[in-house]
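These notes open a run of structures that come right after.
Here subunit A shows up in two complexes: once beside subunit B, once beside subunit C.
Then we have the complex of A and B:
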């Protein structure tokens, strides 16, 4: 068992749930209200120094009684130690968690992916929008267990919506690295970029 | 093919006979040129693209069939080879690439995923690129071996050599799409897609 688990319990008390060891890795369950504090503590406390956020992901189990778990894999490059932090959420309840982008800038896209696939809303995330599916995707969050394998819409509707998407609209000029060439672009592309039409983004208002 | 509309017998030989012969000659010249100097636009998205590269490389070398110049720009291409699965996110991209290609243009759908969606019968994948662009040759396989792709290219040669400049009915002219965004009417898509049998509970069109 990683000694960080005991140190966490001594510091945060009841905000730390059970700690288990699985395949040599220590898994600590943390209450979602304390997540940001716990992560900051793990990163900055001497003796912990978990300075590298390996991954942020989520799991929803087939068993409806089990909670949806957010999984944070941490590694201390200094101490060569790993720690896995889990946050349990009610899949049919409120899926809001504090974003850890203020601690690790690299969590930006990882949290966007979790948002895209599971619908977990990260409070305080600088740019929370879909990353794998296109922005106007209106069928839901594909890795949820209540999501049908073939999507919610008919194939014809999926094809229609996909073709109606404007690929340029999902990127800003800077993201496309063509801001300098804007004046030399063909007029139709310039017009599309200028309008930046993204279609109606579901749940945006 | 009906080319000779009106036949007048003049001294044993019809002038339309000569016209038809001339048309055949022109067709032969044009079609041989087109078929034997196809410029492929590779659209490789998955493992089929690896086999596509093998086909282009020295052992199989489809330059032997006139595809020496690969056009990585749709503006200078006449056959689009979709090698690999196509997610819905790429659907508008392949459509724009196809629309940017000058006519005449042809499409080869390489592999099971490009042709039918393959094993990826899920929310993210286009169930056959023929719902996005018209396809001339389907190459089966997962992925097809280079011989398979070469056979598909030869079939495309055969198809091109059967086209005619003077027969408007046999010549494919691009139609703009309606708001459904489907190249074919839904009934026709269902009819084509039924034998593929991957979607048992859901037809490809609806």
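Then we have the complex of A and C:
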């Protein structure tokens, strides 16, 4: 068992759940309200120095009673040690957790992927939007266990939506707000930008 | 038949009164020049779309770039055009059935992906490999590193205007592909590993062929080195471009040559040895400046080191069994399955039910050519994983592209993007 688990419990007390070992890796469960604090402590405390974020992902079990787990793989390059931190969420409840992008920039796309695939919302993420699926994807979050392998919509509906999609809509509103393109926008898009639907309006404020 | 003459009407609308072609003045008149139809663009930012079909984006990557003149202000990458849902598919497959999917993630180094997945599944099940299998997997990994770096070198040199190294690099890659074909029957979709062993053993011809490759390959590397390393164009286009400091590289979770070029001496083969890599003699090249040039140097030297490892692996390749001796894991030979009742039952159970893994989870990171390829497997005790997660090195390295490219020229963006060494099959999975 990695000694960091004990050190965490001594520092954070009841915010640290059970610590288990699996295939040589130590897994520490952390309460979701304490996540950001725990991660900052693990990164910055001498003797811990988990300075490298290996991966952020999530697991949902086939057993519907088990919680959805967020999995953070940490590594200390200095000490050559690994630690896995898990946060449990109710898959049918509030799927919100603090973003760790303020600590590791590398979490940016990883959290976006977890949001895309599992629907977990990361509070404080600078740019939380889908990454692998397209922005208007309406079938849900593919890696959830209640998501069927072939998608939620029928093949006919998928084809209908693909054909109905506007092939001219290449850019997001945010991208269209880049100066020169803004003046060429159709009036309704300009109106949406003005209402503050994503993106900055050039020359405003 | 008489000759027919065709009267040609010359389409010269600009004839003067005498019927001679009107002359157009070659220099602009001294008075007010005619205003062209272009808007005044000073101070305005421009929106440029690069990809998803663009040769310099190395696949179906799409970059939306905000430009101020020729300077990149902002890069917004769009990925997902090649998303195939491998991780979802894996939840519906037996462990051995997932191996063909790993070929198709990072399709420039399929054998190393096979090894990465098999190692994770074996850690989950607590399997010890045979000595021969361990050495063969090292050979598979290092062959993959060479072909992946050769593709990187070839395509990057083309992006920066050097065509010759591309041909040399792809020729070497072709030789490895021939060897892979000799070993597995496939050039690209190798699926060479199985949980607990390998799909096939190598032949003597393969060993001789690889030995010949190992002896002749450094010559090509020296040639590439002579053409590029001190080439003024190459140096000018790559030095000081796309710099990442060591701190930034760690903060952005970069791995592989990207991390090492920034001066972080971290290589999983040395720091978390798997497949007995700690018993091989090789050096880990580390850069200093973290720019595109250092990434090139690191990858070039890694090719030399891989060759060194291959040579040692060939020398030590032990005889003996290839697969673990567990009939519940490894399919019996077809002839036995057809004649021996017990073997037939094992065959049936493996094909129909798959190999069951105990409840638990395992993460194995291996040093792939692109960086740390992590395989995270969660099992609930059945023959299919609850979750198969690939930690995709090029996805995570690509996330740092905006940070590296902003403030550089648009042409540098191409160099920086090339230096990340992405493969979209893995980015999008």
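In this section, the second predicted complex is superposed on the first by the 161 of 205 C-alpha atoms of A that agree within 3 Å, B and C clash if a C-alpha of one lies under 4 Å from a C-alpha of the other, contacts with A are read in each partner's own complex, and residues count from 1 in each chain.
Everything that follows uses one rule, which is that a residue touches a chain if its C-beta (ideal position, glycine included) is under 8 Å from a C-beta of that chain, and two chains touch if they have at least 3 such contacts.
Keep in mind it's a predicted model, so treat the numbers as computed, not measured.
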item	value
Partner chain in contact with A:149 - subunit B first, subunit C second, else both or neither	both
Larger contact residue set on subunit A - subunit B or subunit C	C
Contacts of A:61 with subunit B and subunit C, given as first, second, both or neither	second
Touching partner for A:139 - first (subunit B), second (subunit C), both, neither	first
First, second, both or neither for A:22, with subunit B first and subunit C second	second
First (subunit B), second (subunit C), both or neither touched by A:10	neither
First (subunit B), second (subunit C), both or neither touched by A:106	second
Residues of subunit A that lie at the interface with subunit B and also at the interface with subunit C	133-134, 142, 147, 149
Touching residues on subunit A, where the partner in the complex is subunit C	22-25, 27, 51-55, 57, 59-63, 71, 73, 77, 80, 82, 84, 104-110, 113, 117, 130-134, 142-143, 147, 149, 170-171, 174-176, 178-181, 202
Sites on subunit C touched by subunit A in the complex	41, 44-47, 49, 64, 66, 74, 76, 79-80, 83, 85, 87-89, 92, 123-124, 126, 248, 250-254, 264, 266, 271-272, 360-363, 365, 372, 374, 376, 378, 380, 386-387, 389, 391, 395-396, 398-400, 403, 428-429
Contact set on subunit B toward subunit A in their complex	88-89, 91-93, 95-96, 121-124, 126-127, 131-132, 177, 179-182, 186, 199, 202-206
Touch list for subunit A against partner subunit B, complex	133-134, 139, 142, 147-151, 154-156, 158-167
